[in-house]
Amino acid sequence: DFLHALEEVKPLFGAAEEELGQRVRGGIIHFSPFINDILEEARLFINQVRKGSTPVLSVALHGPPGSGKTALAAKMAMDSEFPFIKLVSPEDMVGFSEMQKVQQLDKIFRDAYKSTLSIIVIDNIELLVDWVPIGPRFSNSVLVALKVLLAKPPPKDRRLLIFATTTERSVLTQLDLFSRFDADIAVPNVNSQPELAQVLQQSGAFSDRDQQRAIGEIQEITGSSDVGVGIKKILTAIETAKEDQDVPGRFARVMSSAISANRSSFT
Amino acid sequence: DFLHALEEVKPLFGAAEEELGQRVRGGIIHFSPFINDILEEARLFINQVRKGSTPVLSVALHGPPGSGKTALAAKMAMDSEFPFIKLVSPEDMVGFSEMQKVQQLDKIFRDAYKSTLSIIVIDNIELLVDWVPIGPRFSNSVLVALKVLLAKPPPKDRRLLIFATTTERSVLTQLDLFSRFDADIAVPNVNSQPELAQVLQQSGAFSDRDQQRAIGEIQEITGSSDVGVGIKKILTAIETAKEDQDVPGRFARVMSSAISANRSSFT
Amino acid sequence: DFLHALEEVKPLFGAAEEELGQRVRGGIIHFSPFINDILEEARLFINQVRKGSTPVLSVALHGPPGSGKTALAAKMAMDSEFPFIKLVSPEDMVGFSEMQKVQQLDKIFRDAYKSTLSIIVIDNIELLVDWVPIGPRFSNSVLVALKVLLAKPPPKDRRLLIFATTTERSVLTQLDLFSRFDADIAVPNVNSQPELAQVLQQSGAFSDRDQQRAIGEIQEITGSSDVGVGIKKILTAIETAKEDQDVPGRFARVMSSAISANRSSFT
Amino acid sequence: DFLHALEEVKPLFGAAEEELGQRVRGGIIHFSPFINDILEEARLFINQVRKGSTPVLSVALHGPPGSGKTALAAKMAMDSEFPFIKLVSPEDMVGFSEMQKVQQLDKIFRDAYKSTLSIIVIDNIELLVDWVPIGPRFSNSVLVALKVLLAKPPPKDRRLLIFATTTERSVLTQLDLFSRFDADIAVPNVNSQPELAQVLQQSGAFSDRDQQRAIGEIQEITGSSDVGVGIKKILTAIETAKEDQDVPGRFARVMSSAISANRSSFT
Amino acid sequence: DFLHALEEVKPLFGAAEEELGQRVRGGIIHFSPFINDILEEARLFINQVRKGSTPVLSVALHGPPGSGKTALAAKMAMDSEFPFIKLVSPEDMVGFSEMQKVQQLDKIFRDAYKSTLSIIVIDNIELLVDWVPIGPRFSNSVLVALKVLLAKPPPKDRRLLIFATTTERSVLTQLDLFSRFDADIAVPNVNSQPELAQVLQQSGAFSDRDQQRAIGEIQEITGSSDVGVGIKKILTAIETAKEDQDVPGRFARVMSSAISANRSSFT
Amino acid sequence: DFLHALEEVKPLFGAAEEELGQRVRGGIIHFSPFINDILEEARLFINQVRKGSTPVLSVALHGPPGSGKTALAAKMAMDSEFPFIKLVSPEDMVGFSEMQKVQQLDKIFRDAYKSTLSIIVIDNIELLVDWVPIGPRFSNSVLVALKVLLAKPPPKDRRLLIFATTTERSVLTQLDLFSRFDADIAVPNVNSQPELAQVLQQSGAFSDRDQQRAIGEIQEITGSSDVGVGIKKILTAIETAKEDQDVPGRFARVMSSAISANRSSFT
């Protein structure tokens, strides 16, 4: 019966590997020492679960939109080499009823319990609960199911590590979900000019002079040396800029408007 | 299997061409240089996606009612010559349940992923989510589905460009949907007397004197030289005026009341 | 197929003629020159659509309860002699679910597109959307369906004119529905003593002296020469009065209480 | 077909007669001249409809709880001798879904249209729409159905008179239902000591002295000569008092507590 | 047919007797003269219905939690010796949908009408309507059904007496349900030390000295000679105390905390 | 039939034993004399029910998150050696509809009534009613079912003891559920440094010096000697710390952040 369970698990992992790989396609740029610290801390939790004294451990990755939460969670999961890894994403539940979502979550946890060591990555947990700020509205059933599943003791000799990502830490707090995680990791934006320079460097799309010009123009337009934009938006902006005749100019304009948008949304 | 997929896609495009054509039946009048800028910017995004470095890119066209958002989005899509183009319009979902809408959207995205290069035009996104200002009310399921689909990574070697139109930028912001677009384009009203003159000129319904008289009377009635009316309403007003014995007089009255209505709705 | 479509359409019109006729059974009394202006303006819109340059045109008739909106809309539609005319009334949808209403509306529009020239009269649009001021409550689905159908472009070579009646202009404005009509026509109450005299004259129930006495008593009771009552209530009051021994006295009392009721509901 | 319709109608009336009779089992005590005025006014409306110039007429009977609205409406309907009379009561729809209620109402109106002269008595209209003051809550579908049915023109040569009873005039006004009635009749409480004496007289349960003692004690306990209690409660209080050794004393106590309860609920 | 009806009724009563008996298992302790007054008043109503002049009569028993409402209502019903008695309790409807509850209530009333003399005891009416103070929430359908059924006239020659119990008099008032009862009876707590002594006496668990010590300690702890606790809680507290080595001490502590809890919940 | 019932019950208990055992896997550390008091009080209630004078008794265990409520309730139930014990946990109802939950609860109580002596442990009662603070939202049906089941008298000769755990005492009070329990037991956090030292001692992971260093650093970081953290979080923190090179340092940091989080959530 154990062998049979293993068989059921393997193909799941095969599919997961491809799915997880897709999330780190843009690579992990070490634009700040924090990136390393984050990956180190994750290794600690992985070892704690591997040792077996803690049957279930849950970790929330939270940070601004596009800061790289999903990519980092995928990387952590892949590096663990646990036999069962599953990415739970709202994308795979488009068109599901609340009940179907809950049943799917329940099934994923029951699948995980078939393996001795499992990781479940729950992506965009606020979308999974259909959170919309107006109202506010959200799926009560999915929320309660998540609360219950996070705390559920696995069967004997089974260990489960849960990573969840969210842009809405304060929402999860209001929903009384955040404090149910055993630990949390903050994922930062690209915040300073040196960090931004690091990213541009590695993109290979800018000469040293273009890089300086772009950063200078951004400072001029926004009137500040603060950046505060997610790595994802920066990588997309680089690609848009490449289509323009004036690459650094276009990059500066796109970045500046992203910086302003972020600022206004936080004040 | 790829050939089969192509076959499925072709007729979709055939139908789309006719549907899209219908939206630009009134032509594109270049009443201001902005019209050209808008079309240029769209070409940039189309090329970025064509090049392949950005697997999915989404652009929101926003502007006042009747300003020409749908016509422009249709024009952009047709000019791209991408093999798959699909117009998603609330008109085609009248009588659908929330779930059916979500499933239809999901299907359209899955269809798009069958082609290497695809464009989806989502028209009137605020009606698609059943937005009504009283309450406010809207379809949570459709909204969350849109959020999720906008961010979903396409399969390997597939690229997707999304254009969405809306009169309700601030609503989308409140719903935390607007910031999920990678870029946005503002579509303006016909705002000044020279722009209005340009439109009347091209309509062929006014002699030079009638044109001047009409514009003069509008200024007299509204007490201002500001216009601020969408191109769509202007074109309809021209047709109504043509039925009257006094074409410029009727046109001036209809336009004046449209101008007043817009003003009062914005203060 | 076209012939077949025509066949489908004809009986619809036959039935419509009887239904529409029923709404003008009380006749159209020209108690004010405005009545003629209203009918003239409607002819303008009918011609605009007939000419074919405007594929779809929508007109809202709004005014106080019982002011004659339905009778006027029915008259306009019958006078157009368009091959397809359909009255959409909440009466025909009692007991329909929201979805059934939406599907019925969708069907009516699709039927209309089978004819080259069509008129749809949507009666009491605020009841069609189940509007109730407490809450407020209304059918979101029906409202959104109406918004979408009003803007939907008909197929090639088909023209559609839509008349809609409502006592709740401000409600439609709040629901963001009113501004979606291409034009609107205000239908007035019987507002002055001469207008009321005109109506009494044509009813044949009053001698000249009785008419004067009735109007005089109304002024005495209400303390004002303002009337402000819908033609429908006046015609009913005449019939009630006829059952009383003192016809003008009873008429004056009924009218006075109607006048007071209207006043208090507007302050 | 007409004969067949008549056949369908007759048994309905037979049943109605018994049902209506049950509502006036307590008789109609003429404790005030108003009772006669009310019955007279009803006869006027009955004749108006009988004459045929007004195809549909609706009358609302409103007044405090237990004031005799249902008994009076039943009496009016029975006295009309119209061929079709139907009592619509929430009692007959216990356990119906909203849709079933609406369909039942629709059926009753369609049945009524089969007869040339019909009366529908709608009892306790606020309960029919499931009105509850907390929230407030009510059945939107039933409310809208009632609005629509009240205004629906009957088929050719058919006349319909509608009586509706309610304790909640202000609720119906808030729901925008009250003004849709063509006329309204106020039903009063037993308000003064002479009126109360009249009732006691006719009950036969009190000697002249007991009657005086009872009324005197009520005045003493409540500290006022105002009564303000519905005839229904008074008739029940008489029966309870009869079981007591001290009939007038018990009657005075029960009445006094009813009078206080009414007062506190109105301030 | 009448005989058949009787047969249907008998077993119902048989079951009811057992069910009702269970509710007075704790006996009726006459800790105050009010208990007798309450039972006397009930006999009055029973006789009024038995005599036949009042076809339907409804009485609400209201009082604080555990004050003995259910036990008293059961006692009254059993003492009446009416041929049909039915206890309606939320316990028997756990897991019922709103509609099923309404249908069950409707059935019980229809069953009662089969007997000439019937009593229905509706227990915990606020739970029957699913009342929850937050929101507040409650079952509209069940509430309206109760209103309607309370007022429904029984068929000819049938008499119905309804007893209903509730801890939430003010809630019933807000729901506009309380005033629909023909009469009401207040059930008191054990409020004074002599009343409490009476209860302890009859429990047989306390020597005279222990009784005095317990009451003394309660006064010391709570700082007052007021009691204000329901008989039900007192009887349970006696049983808990019996398990302790120090019976009067434990009893005093449990009672004191109950007294404090009640006080804080009322201020 | 009784034998058959016993058979049904036994396997239930077998399963329960394993389930309950899982909840006390972390053992019961006597870090404070209160732990013993709690277990003593529970024994009192168990005896009261065993004796048979109180047919149903309900006890609420309330305390902060992770304070050990579930473990203690499980321990109490296992120690009772009652023939029927059932743990009701939200985990076992993930994906159940409200109705299914209610029916499951109803079934569990009916199962319990088959045994002479039964214990039902209802874990996390606020999650069972789907409580979410935003709104707030909760399952009305489950809440009312619980209220009703808590008060339901068991059949003759059957005794039932109910333990329920909750972190949300004030929520249960708002929902008018808390006062329906016959008794309540407060479960405390680890609140002082000596209590914490006791826990660290028993974990075996710290040398005496490390223990002192850890406690000292916590006081330094948090600026206070108060602890106020649940035993569950402390045990997990010990396991995380064990993975770090600097065990006491990591433990101090994790504990300090837990202490701060608790403080901020309570002010």
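Every chain is named by a letter (A, B, C, D, E and F) in the order it is written, and numbering of its residues begins at 1.
Here, a contact is a pair of C-beta atoms (placed from the backbone, for glycine too) under 8 Å apart; a residue touches a chain by one contact, two chains touch by 3 or more.
Being a predicted model, the structure only gives us computed values, none of them experimental.
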{"item": "Count of contact steps on the shortest path from chain C to chain E", "value": "2"}
{"item": "Shared interface partners, meaning chains that touch chain B and chain D", "value": "C"}
{"item": "Interface residue identity across copies chain E, chain F - same or different by half", "value": "different"}
{"item": "Centre-of-Cα separation between chain E and chain D, whole angstrom", "value": "33"}
{"item": "Centre-to-centre distance between chain E and chain A (centres being mean Cα positions), rounded to whole Å", "value": "58"}
{"item": "Distance between the centres, which are taken as Cα means, of chain D and chain A, whole angstrom", "value": "66"}
{"item": "Per-residue overlap in chain F, given as positions that touch at least 2 other chains", "value": "none"}
{"item": "Ring order of chains, beginning at chain D and proceeding to chain E", "value": "D, E, F, A, B, C"}
{"item": "Chain A - residues contacting chain B, complex", "value": "22-23, 25, 65, 90-91, 94-95, 97, 124, 127, 130, 132-134, 137, 233, 236, 239-240, 242-244, 254, 261, 265"}
{"item": "Of chain A, residues touching chain F in the complex", "value": "44-45, 47-48, 51, 53-54, 57, 99, 102-103, 105-106, 136, 138, 140-141, 143-145, 147-149, 151-153, 156, 174-176, 179-180, 182-183"}
